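Down below are the structures I want you to see.
Below are two complexes that have subunit A in common, paired first with subunit B and then with subunit C.
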Partner chain A sequence: MNEEEGIVYSKENHLYDHIRFAGQRPTQIGVSKPRIDGVPKVTGAGKYTGDLKFPNMLYGKLLGSPHAHAKILSIDTSEAEKIPGVMKVITAKDVPDLKYGISPARWDENVLCIDKARFVGDKVAAVACVDEETCYKALKAIKVEYEVLPAALDYHTAMEDGQPQVHDEYPNNINTEIHHKFGDPDKAFAEAEYTRTDICEGHRTYSSPIEPHSAISIWKDGKLTVYCSSQSVHYFQYYIAREFGLKMGDVHVISPLVGGGFGQKLEPTGLEFCGAVLSKLTGRPVKMFYDRYEMFQHNRGRHQGHYEVSSAWKKDGTMQAVKVNFITDGGAYTSLGIATAYYAGGLLPLTYVFDHFQFDLLRMYTNLPACGAQRGHGAPQPKYAFESHLDNVAMDLGIDPLELRKKNVRKPYTTTCNGLQIQTCRLGEAFEKLGEMTDWDKKRKPGHLPKGRGIGIGSGSFVTGAGYPIYRNDWPSSSAMIRVNEDGTAATLYTQAVDIGQGAYTVLCQEAAEAMGYCYENMKIVAGDTEVAPLDFGAYASRLTATCGWACKRAGEEIKAKILETAGFMLHLPPEDLICVDGVISSVSRPKVKPLTFSEVAKKYFIIKGPLVGTGVYTVPRLGGYHKGAPVATSICYSFCTQAAEVEVDEETGEVAVLQAWDVHDAGTVINPALMQGQVHGAFAMGFSETVSEQVLFDDKGKIINGDFGGYRVITALDVPSFTNALIPSSDEPSTPWGLKEIGEGSNNPTMGAVRNAIFQATGVSCEKLPMSYENIWRAIQKKKAADAAKK
Partner chain B sequence: MTTNYITDRHGIRRYMVTIEVNGIEYTRVIKANVLLVNFLRDELDLTGTKKGCELGDCGSCTVLLNDRPVNSCLILAIECDGMKVTSIEGLAETESLDIIQQKFVEFGAVQCGYCTAGMIMSAKALLMKNPKPTEGEVRAGISGNLCRCTGYINIIKAIMAASGQEAAI
Partner chain C sequence: MYLPDFDYYAPESVSEALDLLTEHKENAKVICGGTDLLPKMKHELLAPKVLISIKKLPNIKKIEYVKGKGISIGAAATHNEIVFSEVVNSKYPSICNAAAQMAANQVRHVGTIGGNIVSAVPSADLPPILIALGATAKIAGPGKERVIPLEDVFTGPQQNCLEANELLTEIFIPDGDMTCSTYHKFALRRAGALAVVGVAVALQTKGCADGACSIEDARIVYGAVAPTPMRGVKAEAVVKGKMATDDVFEEAGKVAYSECKPISDFRASEEYRRNLVGVYTKRCLKRAIENGHK
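This part shows the complex of A and B:
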């Protein structure tokens, strides 16, 4: 990429100046304000979609295919329709046949299967009944005649000739194929003093938000209203309107409280599509929902992959080139997986500097549940392979793993070989700090830690909002509106942003209050609603605090300007002489002038001019290179982090205990320290759970055998290790409001690598396969013992 | 368990149960297969108790049954006839929040909030029995409640704080 292209930010954050020059420190941000939705959540008063009821409401369920791959020969719904209380049964003939998915080239999923079912659980029919119990009776009574087809269950071999074809339109089951080359990797490898290749195997995981998906559809008088567990009301609105040929304005999507998303609630499901049709046909509201097993079947969780990583080095530990060759298991549909595919390699050049990079990937269709976006989108497993590989390199070259990382660490204000533009970066300082916190040098000395103990490190980086929207459009990514109440005692923030638990509503209100010179405590928010709030793309890619934050800041600044103008009129002073902080307006030049309160000025404004409203909008500037797939992994700003884990391994049994874990983050300005901590804890814990325990398992027919929390083991309060996290504070990131950075996803990037590398130091055993369960570690230990014995 | 039932014209029995929920007696006529969680949510509109798995694995539906924590998705409402149930809506005895609720807000122990009601009810049961638990006892006390957002750390801190102690983690 030409270095002169792209956005040029000055290294000073001018947007911060008005605060600095006014001698004012922010008062509403950088403070652990209590969550705006905290009390409703601890009292049980808060409503999630599944808690809502409407008069005359019906209940609906989807019928899933029992076969991983089967032709649908016939569907007989007559018996089901005879059951008292069954109001409607629908099949493919009752719904639009327009395919949907993330992008036109990958629209591959039907509302209900037309010709064949492609995984166990693929949606074949749907029912609406007077109650839930009747739904299950109806589902049992639907007779579907299948012709069972051979299934492609192993993504490693799905591309081979003669394998069952999941979609006729995609030969050899190749859903996405990526071949990126930057610089001259072949030359760099040929001339390198040292090269190495490692292969790691990932595993299927699913984030399992505790709230199962629900949707309530009400199609009445040509208008469709959908309450749903959604991370992006706009994306749902767009795709639902498209599917039914409705105007977007006639589709009203509302996201009430959402019980965790992690990526799995980013796209509409059969619940919204079939619920809409059932509501239209019955004229009644229809509530549809997944049970826990159906959540696992619907999936859209983490892709598993086969990760080959090679790198070329100078003997002194200078990284020169990287080649990665990945095959990933996409499951039966694209979902958001094309983005996952590009992220898998696209994010790798962020943390370390190398000039030559080759990234090849095949995302395979298989007859398994579709995979999509999960926290850390596409990054954690490739990062695990890459960080494991780095420790192998460090061992070969005789360099300490932390030193090796420091030597090759990303520098600020640089552009990666694949065109990602980085402003601030304090990963180097984070490595230094982690070294001190962990007592790294001492613990890595041979013989210092007792037998079976080890410490390992990993690093990560993540986008602060994706550079491009998830479907092609020209909209700005975020907008917001603030309306101050006529008496000035409260202000309401309106935006389509969605709080899925990460605390967006709290943080956005803090940002708005800060920009207004107002108090967070007086803020209200109306959000996650396409009809009452202005556009925002929603909660994904760790974007809201930055992109919607910009919109809130700008809306707030407009309010403040109006307040200062009115106050200037009231005080006979120029507005430039006034400051507005914490809801108090005072004069800089005449400190003895009695300050005005925000509310009295706002009231005066209303009397003279009517509603006091501010609006803000933010459009991500054009980013990235020009190659195919260049938009994915671009961002206005990147966070960086590093983690270490100290483990104790029982070499007899393979049992591993993580004794302590550390995280150091380059997270820029922190808006709400308590919520920030919560994000780091949560991302680490999810990463840790995936590392040591979680895995979705299938039988040889493609049916999930552990689709519940008894079999799919997420960590409990007993399992989470002692964890310390620290920040490298800064406020000079120029691309984001107040110089903030993302925090929600970067923290599960390094975890798998850190734990693997700790086990590697403890035992010399390389865990090349996820999860690092006791069994897999034990097997790796046996493998090494056998290899060592063979050497002798 | 109640034996007081009527039979409808399809031969299905409906039982009369009286359950004291959050200090108020409710009498309802229900089918035998109604789960306690659905009794609370559907019959009484007390939707603060959440359903996460309906298999007794996630703990979101934890309520106190005669002051003992139970998964209300594993108990039939007819088994609770004559018993006392406390759900999240009945936790605070006055208009102000219970100390556990206060500490959950204060310590950032709430994110998406879906596990919160069950988590708080388990904590309540623990502190009623053991007002000064160790950190290990807190971890064990909520080990039947899954949370995907918080990594449990702030939850453990909040419960320790509610018992007047500081957590070392």
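This part shows the complex of A and C:
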């Protein structure tokens, strides 16, 4: 009997599904591939800058000013130089006097203070010694004579006449001021049925990456090599070359593994500049790093601000106009603070629609450490003020806070009143979903939740890559190169992009493999290196997956085109008839033709034509309006998200516990779901920590009093609330590869507002001040009790 | 952030340790876990020329029940050894709970009960519950040994009653009549945080099982709200001899609020600490009665 008799075959044939649906159904993205750097990081095999050693390497340290504001009268280094093992001591006279800063809008920093020190810790001198211990001895032996000056420590009053001047060039300590008007806010307010004003106070926080800033500088034969913990090797290369008058090609910047950045490793600091000089003068490699306390002084943290928010409404809950008036504490230098200032107000029109907007801001110089970019750049604190304000408005108008937000939510393919162009937007759907997930309507009903419990909401939006580079140039934002190994068994992606822990190297390799029709598991990456990899601006503004992703995709597509052409030659078929998925090349029209493997085709290519290389480049199109500061907050694409928190407040102690937190994201196509979850969860935890716990504190002389992890309380894993993350799936965002959106920074936009609004429902107490620490909440409860008692 | 140079000794007998202490006096510091001492040295707050480790002393880590007398804990027993000690858990789980709330796991692995006492940091977590349970300290000196109530060890913030040539060797928690005890800590995060306020309560109760619960004896101790761990004598007086009711607890809380002596620092203001002492005294009394020594 024929063995095959009686067999019933499936009527459907899935044999070539992977080919038939290729293009619609990616195989290398949308999958939680393991991190490419995961094993070396968790086993300790991976090398960070601090792990590197070079023959004859010296150690360097900076001497910081003990005064917040002081004239430097004299510096005597002679005693320090006598100490055995001290190889070099440098002061301002030994370093270039060209002022620098990451933001070309204000170059206001000196490598070492020339005339005066402007905050406690401002760099006055530097040493290079045979070991670290000797450095500390040397620092103590440097004698600096100061004339202590009165210091401007309070940004609220720093603009007043008679206040100490931090920089003579900037009268009244105004570092920058913004006065934007879009539409006719005055008229809208005058004619509105309802208006309201609220004021919130922010606080100064620091992101506290686990790995401290560090740099190893090697100046040899006219060429400078710097290994450093950096988010952007390109900006480091540019600014280091500029400072020393070197050709960019003679400055080689390498970022090994980086243990967290959060915005604060975007700019070179005294470590790179002084390290370079010390290396040049000693002829030896010099390693410099900040200890944790110095991290607090030199790490450019989040600006604190005074946030006044007003809005004008129809009684039915239609938002018509918004006016915000902010004052922020910039500290002693500009850092990236001009951008921070524009972001503070510029991002507000993203989540809700209003036609009239006035945005005024003063960024103040003070004699405190400089502030810069920190995850969510400029947005989280203003967003907290705005989301708090919205719940106050909702209460006044008698409208549910979620309903009020839904009514005014941003629509897709619209332009904000300040000229930001939005493509896809599913914030409205995210609000719907959040409502369902949280059982919102029920929980908001008066009396439903037990006493002391409440639920609150906030929303956020963020740029998927900034529209413009930090210094003006016409470089493309990203470029990448892929070289396939001669035998085709591996491919290496080259780009200057930097993985700072967010998973960029993994995601970029997935994107490259997808575009190549290859397998992620065969990908290698060489990145964060200015000499071997092509330009990318680095890890900031939540840009890499999109902008560098474009470059990787294009490089991968070039490889794939070459592979298909070669395979066509090998199979005697036209390349258009071939498809390459998961490293297998097959014919669409002739499914019986034996498929070729990527590696055999790649090998053939090398034999015939030489190295199999693909390159890709991406330039952001011209975006945004024409007003002053218009470039900031522009982006090819915006992410949207909303979060809710359910809290329980202990009214006797002010303790607040988040029982559950929810996040719903309009994140477009997700490249790596596990990494996405990690980013969102991490951002929420970080935002929550800033909300309730973290704050940098100073004494009355401007010295940090809690510059360690005992006193500066980043929350622990035990304090992180239970957290649920959901997506509004989509893949139609046209501006990004595969329709993806940023995930790293928008995610901590809504957190502060959501927690504040939950406490507001739980207790009726409005937390108008950050952090919402137990004591601050307790005080607010006491104040309300006293006020309620007075009413009776 | 660099340890200054020092000489290091690891004596193997108490007398050898005492000889070294006598020889080096103020220049010497006793080290065991080093979790308090070494950071202070790195921050240049202390610069002892000599460190004398007590880790090799016989029985210095021993935890045992002395039949009919009480629990003896060697000065070098680590917090985690106390947390997981069957001896302590079977008698006073409240002590284990206090030890478990301290710092982080890494610190609990090396930090010791002796260090927690002699460093005399006002926010230390073990002293309040130990004092509430009537613990004593055994202090060895040249040619003599003295046993004193634990509360007498503390003379001020980071100051203790030990002479330069004396050594704390043992903590003893005597069998007593206390029927319940607890330590409740208020800190600003759930791990790795100092107590902003700590309250320990030990009570002798009667008739609680029958629903007519009276408090025969009480010891209440406040941590982190005075230069030393502080006995809440007035709050004790409020509850002693009373029926255990919410009103009595409330009243004790009010008295605790006024009798504690906190200061303001960057962790909490005086006013807030007072409030917390009041709330926690009230809650501790209730919790102890409900949970026994758990």
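The criterion applied here is as follows: the second predicted complex is superposed on the first by the 765 of 792 C-alpha atoms of A that agree within 3 Å, B and C clash if a C-alpha of one lies under 4 Å from a C-alpha of the other, contacts with A are read in each partner's own complex, and residues count from 1 in each chain.
Here, a contact is a pair of C-beta atoms (placed from the backbone, for glycine too) under 8 Å apart; a residue touches a chain by one contact, two chains touch by 3 or more.
Being a predicted model, the structure only gives us computed values, none of them experimental.
Asker: Identify the partner contact of A:Y342: answer first if only subunit B is touched, second if only subunit C is, both if each is, neither if none is.
Answerer: neither
Asker: Which of the two partners, first being subunit B and second being subunit C, lies in contact with A:G38: first, second, both, or neither?
Answerer: A:G38: touches subunit B, not subunit C.
Asker: Once chain A of both complexes is superposed, is A:I500 in touch with subunit B (first), subunit C (second), both, or neither?
Answerer: first
Asker: According to the stated criteria, A:L718 is in contact with first (subunit B), second (subunit C), both, or neither; which is it?
Answerer: A:L718: touches subunit B and subunit C.
Asker: Between subunit B and subunit C, whom does A:L257 touch in the aligned arrangement: first, second, both, or neither?
Answerer: Only subunit B; A:L257 stays clear of subunit C.
Asker: With both complexes overlaid on chain A, does A:W778 touch subunit B (first), subunit C (second), both or neither?
Answerer: After superposing on A, A:W778 lies in contact with subunit C but is clear of subunit B.
Asker: Which partner does A:D51 contact after superposing on A: first (subunit B), second (subunit C), both, neither?
Answerer: A:D51 contacts subunit B only, not subunit C.
Asker: Is A:S208 touching anything from subunit B or subunit C once the two structures are fitted on A? First, second, both or neither.
Answerer: It touches subunit B, and subunit C stays clear.
Asker: Between subunit B (first) and subunit C (second), which does A:F760 come into contact with in this model arrangement: first, second, both, or neither?
Answerer: Neither: A:F760 stays clear of subunit B and subunit C.
Asker: Between subunit B and subunit C, which makes contact with more of the residues in subunit A?
Answerer: With both complexes superposed on chain A, more residues of subunit A are touched by B.
Asker: Using the superposition on A, tell me which residues of subunit A are in contact with subunit B and, in the other complex, with subunit C.
Answerer: 133, 291, 709-710, 716-718
Asker: Can you name the residues of subunit A that touch subunit C in the complex?
Answerer: Contact set of subunit A toward subunit C: 132-133, 136, 291, 293, 652-653, 693, 697, 705-706, 709-711, 713, 715-719, 773-775, 778-779.
Asker: Quick check on the complex: what are the subunit A residues that touch subunit B?
Answerer: Touching subunit B: residues 32, 34-35, 37-48, 50-51, 53, 133, 207-212, 257-262, 291-292, 500-503, 674-675, 677-678, 681-686, 688, 708-710, 714, 716-718, 720, 722-723 of subunit A.
Asker: Can you tell me which positions in subunit B touch subunit A when the two form their complex?
Answerer: Interface residues on subunit B, with respect to subunit A: 33, 41, 45-55, 57-58, 60, 87-89, 91-92, 97, 101, 104-108, 110-117, 120, 138-140, 142-156, 169.
Asker: Where on subunit C does subunit A make contact in their complex?
Answerer: Contacts found on subunit C: 1-2, 186, 188-194, 266-269, 272, 275-276, 279.
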